[in-house]
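A short worksheet on the structure shown next.
Should a chain be cited, it is by its letter among A, B, C, D, E and F, assigned in written order, with residues numbered from 1 in that chain.
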Amino acid sequence: MSTLKPLAPDTLDKLRYASTATITMQLLKRGLRHGAIKGARPLDPAHARCVGPAYTLRFIPMREDLAGPPKPGTMLPHRMAVEHAPAGSVLVIDAGGAANCGTLGDILVARLKHRGVAGVVSDGPLRDLAGVVSVGFPVLSVGSVAPASMNEVMPIDVDLPIGCGGVAVFPGDVISTDMDGAVVIPRHLADEVARDSYEQERLEKFVLSEVKRGRSIDGLYPPDDKAMADYRQWQARGEGN
Amino acid sequence: MSTLKPLAPDTLDKLRYASTATITMQLLKRGLRHGAIKGARPLDPAHARCVGPAYTLRFIPMREDLAGPPKPGTMLPHRMAVEHAPAGSVLVIDAGGAANCGTLGDILVARLKHRGVAGVVSDGPLRDLAGVVSVGFPVLSVGSVAPASMNEVMPIDVDLPIGCGGVAVFPGDVISTDMDGAVVIPRHLADEVARDSYEQERLEKFVLSEVKRGRSIDGLYPPDDKAMADYRQWQARGEGN
Amino acid sequence: MSTLKPLAPDTLDKLRYASTATITMQLLKRGLRHGAIKGARPLDPAHARCVGPAYTLRFIPMREDLAGPPKPGTMLPHRMAVEHAPAGSVLVIDAGGAANCGTLGDILVARLKHRGVAGVVSDGPLRDLAGVVSVGFPVLSVGSVAPASMNEVMPIDVDLPIGCGGVAVFPGDVISTDMDGAVVIPRHLADEVARDSYEQERLEKFVLSEVKRGRSIDGLYPPDDKAMADYRQWQARGEGN
Amino acid sequence: MSTLKPLAPDTLDKLRYASTATITMQLLKRGLRHGAIKGARPLDPAHARCVGPAYTLRFIPMREDLAGPPKPGTMLPHRMAVEHAPAGSVLVIDAGGAANCGTLGDILVARLKHRGVAGVVSDGPLRDLAGVVSVGFPVLSVGSVAPASMNEVMPIDVDLPIGCGGVAVFPGDVISTDMDGAVVIPRHLADEVARDSYEQERLEKFVLSEVKRGRSIDGLYPPDDKAMADYRQWQARGEGN
Amino acid sequence: MSTLKPLAPDTLDKLRYASTATITMQLLKRGLRHGAIKGARPLDPAHARCVGPAYTLRFIPMREDLAGPPKPGTMLPHRMAVEHAPAGSVLVIDAGGAANCGTLGDILVARLKHRGVAGVVSDGPLRDLAGVVSVGFPVLSVGSVAPASMNEVMPIDVDLPIGCGGVAVFPGDVISTDMDGAVVIPRHLADEVARDSYEQERLEKFVLSEVKRGRSIDGLYPPDDKAMADYRQWQARGEGN
Amino acid sequence: MSTLKPLAPDTLDKLRYASTATITMQLLKRGLRHGAIKGARPLDPAHARCVGPAYTLRFIPMREDLAGPPKPGTMLPHRMAVEHAPAGSVLVIDAGGAANCGTLGDILVARLKHRGVAGVVSDGPLRDLAGVVSVGFPVLSVGSVAPASMNEVMPIDVDLPIGCGGVAVFPGDVISTDMDGAVVIPRHLADEVARDSYEQERLEKFVLSEVKRGRSIDGLYPPDDKAMADYRQWQARGEGN
């Protein structure tokens, strides 16, 4: 990921401020309708949020002569990914169609946390749900199941472009997650999407507070000039920070 | 909805007493096997219950030249529905096949709550789950996702008969929801279904209390004459209220 | 189930110590990739675990002339199963393809609990979720819905081999459940799978504690000779009990 | 099947005259909406039609220690079914969820044909499509695939009530198939459904001929008194035989 | 459909010349990725093609008290649609989620043909496949099944915007079908899409003929200047007409 | 593919003699249950068979800023694959989840044929069905649709291990197809699977001829010693060639 354009210093912080719903609206304004990974939801609502550049891992369907219980001394690609995903990155997994096996379990998730990785997103299940929750780490997946990955898939490579939940993910694309799931922001758009998502999020905080006070959405959402003036006053009063 | 047969004064209260499981049994006794909306579940278990006549909103698949980010001064049908659904009604949404976009978000849900609408039921996802939960309002949907509706569908009309989760919903049909989902009671049957659901629910409270005390289901559920006599005594003692 | 090979005295206890994820790995080591029931998850996370031999119940699609609201004096197979499943057994239900009806409700679940049955596993929904949770009993199913079983299926027989969630279940097979779902252990393998699952679980407790302390998975998971020596010391210190 | 009520002598012939579309309408008039087996279509359009009482065969998911390539001297239930299904019967298969394996292949289909069985209906795939077509025999299934049954399922018993494609099938129920698929007629209704299906089919032949000549469907379909009078004349002229 | 912008005189003819694959490419060039109706395929390959403006019919899920076998003297919306769809139009059906019932059968299809309607497109099944094929008329649907529509859905209105197979269809939009399925061209784009599809189709005929003669696709498809010059000579020679 | 173990001279010919059903049985005997690609069927029954080593092409979901109509001078990976797949190879496509777009059309298929490629297998649709059929070339896919690939996916690389229809495919694995679909034979097993499939196919030809003559499957299929002796005589008479 060394040749990627550097991100602006506050890009990750601004994305942390915004919801994934807001980010997808900014992607839509740029013509991108396919940024939300289908199926991945937080395994633990207490650890739903993470933001960081993508490090990718790809599985393909298993073949019985190549997939069995792990043996000492071997280092399969998913274990390498766990050791090599950079601190701050989000490990994004193309689960290879896995529906009834978990590509990672509690031990590998604990290792990721210790290494400073920001989170995990997969379009298949994980396993050891109780153990994963005990670790306390952002994991978004299609639920959890008991069987290990080699029941159904095998890891094949890392750091390549992948498809995850119907979305293209290139290494270095920026991932943001919350209770609504995970979104993928193309690297070259990350700074501007972060900037505009932050602004939109602030505005919507104002709108939501107004609606809760009883104001109609007519003229407010989306805002007309009067609503924008009110918003600027609201900002000037230091609200919404 | 002005020409609909008025409901008996206690119909909504009796439905609030009964579970949706009980209501579907009363529908089955009248030959109706298709009253439960498929897929819709409470977004927030703390706000699972609502009862009220249906106000309908229909989406169809989006077309790119007609669907984009909202613009000031426009009032699309789903926003009109949010402003026009009567107080006490349940907004029922035919999501038009939406699987990866949310037809409503936290701001519109907050507005519905303020306007006194009873709840929302949709056969597609909503968005802004964290925000919706913060509003504290009954919403039953197929989970939540980040993208906005115009990514995939567009609102087309209100107050027409719709299909929602495999069930026909006519404006004015009575909706009742709980943790098991949402059921639709045809308007012309609402009074009698409410009356009999209330009676069945009381009986089943008695049955459940007996079973918890160790009584076999044989002769009790469904009840024979002996069990019915016991039930009447139990009622006479003022239990189950 | 009288002619089944008796289980070793500590087999059920050892299975209670192990996670379903661990058990599926032991099944995989014996060439069995299909032991995890698809779709069944705990209705109540507070009651996710149960272990016991399977007692089976089979549903098939309903036919309108044969399926209606229950009548006093009748004892359909699912009600017989509720009265006849042995104490300590797990009632495993082939829901016959039910997707929109619940094969059991709160009253029958309360009866199962009172009779000392260990739990329920089904590849279809249950109903009366609020009531079932109030009972406090391990139920693993594909969520809950309002309609009763006779809307869609009818019970046909008990104590026969069935398919449940893509897994063959013979009466007497041993079932174990937790947050990751339910697994089926063939009767003739139950003792050895229990023994080795217990051992594996202890080892993985050690591995997880090491990883949480910052040790790399390289050489640890799976463990090389050094790691095994550390594990034996850890055991000797009395940890992991 | 020896204790089943005998069928009227012309019941099977009348069903052969009628389409499955007509038969389902007669079932609907008797309150039965679930008589058409989902998914099963003729493998060979030249052999789409068969009529006869059901002989049932049930599969459940395979378990690796019980399912392998066939061995000489063994006679698994599906092979017994092939030898024991009565001449004139339709072999109806509950494929146990098989989606990617074929429960029968060309050799067993050839044997069924030689034994005088009327046809095969399954809610899963068959295999050896080219070979099956070469046999020339009515087979309705969910397409064909290459793998053998033991890849995914195993036969478990015969002559029990089963579910097939969402429909309850009891041994002796009458099966009828054509290009639109397979329908199941409860044994006790077979005579009257056959009689009325025959009458309806004759009427619809008249209606179709009139529509092809340019007559509006208004008053004709369904027929009013004038249309019925025309129909009787048409019959009297000996048309539609 | 009286207020719709008239189509250019040769628009329908040009669309008849082009394949649906070509038309979707012209839609994509205008930013429309969602013009192909999912699931609908020709019931009869010999009658795969039709072109014409859409006339719409909408079904919703049936309710047992409202849906039964047709009665003389009634004229439900789908029968009205059959009598009122203009000559030359394509009847486009939102089947309301029907998966196991046919919204039209052979008699109504015969009537549509006699009235000069151009074809039928539905996102659900039809019924009476053998009869429909005997009529000889373009019908694109999701296969055929035996049961009648009232088993599962009921017609509710005509001539409104609908969703069909994931595509928005407004009355008057132009439909074109072939072996690859059915595409929807927004009315306001029909003339230009027809014009450019015709041009593209001619070019691709040239390209295909060149490829069949052995020319590499490099520089040919898409064509560079040299290939375009060759194409113009090919046109000048009168080929591809 | 230069470093792959060479195939025995008659391996491809022996595979051409065997059906895919037979090949999957030989894979099962070696413990491989996952060799049949799910979903791919011949677009044209007249061109169902091909055999050859795999050349792989991988798609991932499209992103709107990267996927548009092709431009002159560009050579995207799928076009490179069409020019670079070796003569005699089978192009195997991981369609990246494409369900509503075709990864190849008639022009590229015509080019593949001209270059001597043996066939195409994809787990997604193709497009231009009429054109593809006119080319006369083995294509196995999940049907055909009108939209082009860039509506939904984009090609990303060639000659890597992929998943296709639930099966791992490594470059050089041997592919064989017929009416039942496509199977993947691991390179290192190809010679022995070919040899044993050929032998099994010959035996089954004998078995099928015996069954057609009226012989029971008992003792014949699978064959006992008597049946094997008969088979050897049949072979000695020169039948089955």
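The definition used in the following text is that a contact is a pair of C-beta atoms (placed from the backbone, for glycine too) under 8 Å apart; a residue touches a chain by one contact, two chains touch by 3 or more.
Keep in mind that what you see is a predicted model, and the values were worked out from it rather than measured.
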item: Shared interface partners, meaning chains that touch subunit C and subunit F; value: A, D
item: Length of the shortest touching-chain route, subunit B through to subunit D; value: 2
item: Copies subunit C and subunit B - interface residue numbers shared by over half, same or different; value: different
item: Interface with more contacting C-beta pairs, comparing A-C to B-E; value: A-C
item: Listed chain pair A-F, B-C or B-E that repeats interface A-B [over half of contact pairs the same by residue number]; value: B-C
item: CA centroid of subunit D to CA centroid of subunit E, Å; value: 32
item: Approximate Å spacing (C-alpha centroids) for the pair subunit A, subunit D; value: 50
item: Distance from the mean Cα position of subunit D to that of subunit C, given in whole angstrom; value: 37
item: Multi-chain contact sites of subunit A, meaning residues that touch two or more partners; value: 33, 166
item: Category of the chain touch graph - line, ring, star, complete, other; value: other
item: Those chain pairs that satisfy the touch definition; value: A-B, A-C, A-F, B-C, B-E, C-D, D-E, D-F, E-F
item: Residue numbers on subunit E that touch subunit B, as the complex places them; value: 30-34, 59-66, 96-97, 153-154, 156-157, 160-163, 166-168, 186, 189
item: Residues of subunit B touching subunit A in the complex; value: 68-75, 79, 82-83, 99-100, 102, 105-108, 110-111, 114, 127-131, 135, 143-148, 150-152
item: Subunit C-facing residues of subunit B, complex; value: 19-21, 23-25, 28-29, 33, 35-36, 38, 41, 166, 178-181, 183, 204, 207-208, 211-212, 214, 216-219, 221-224
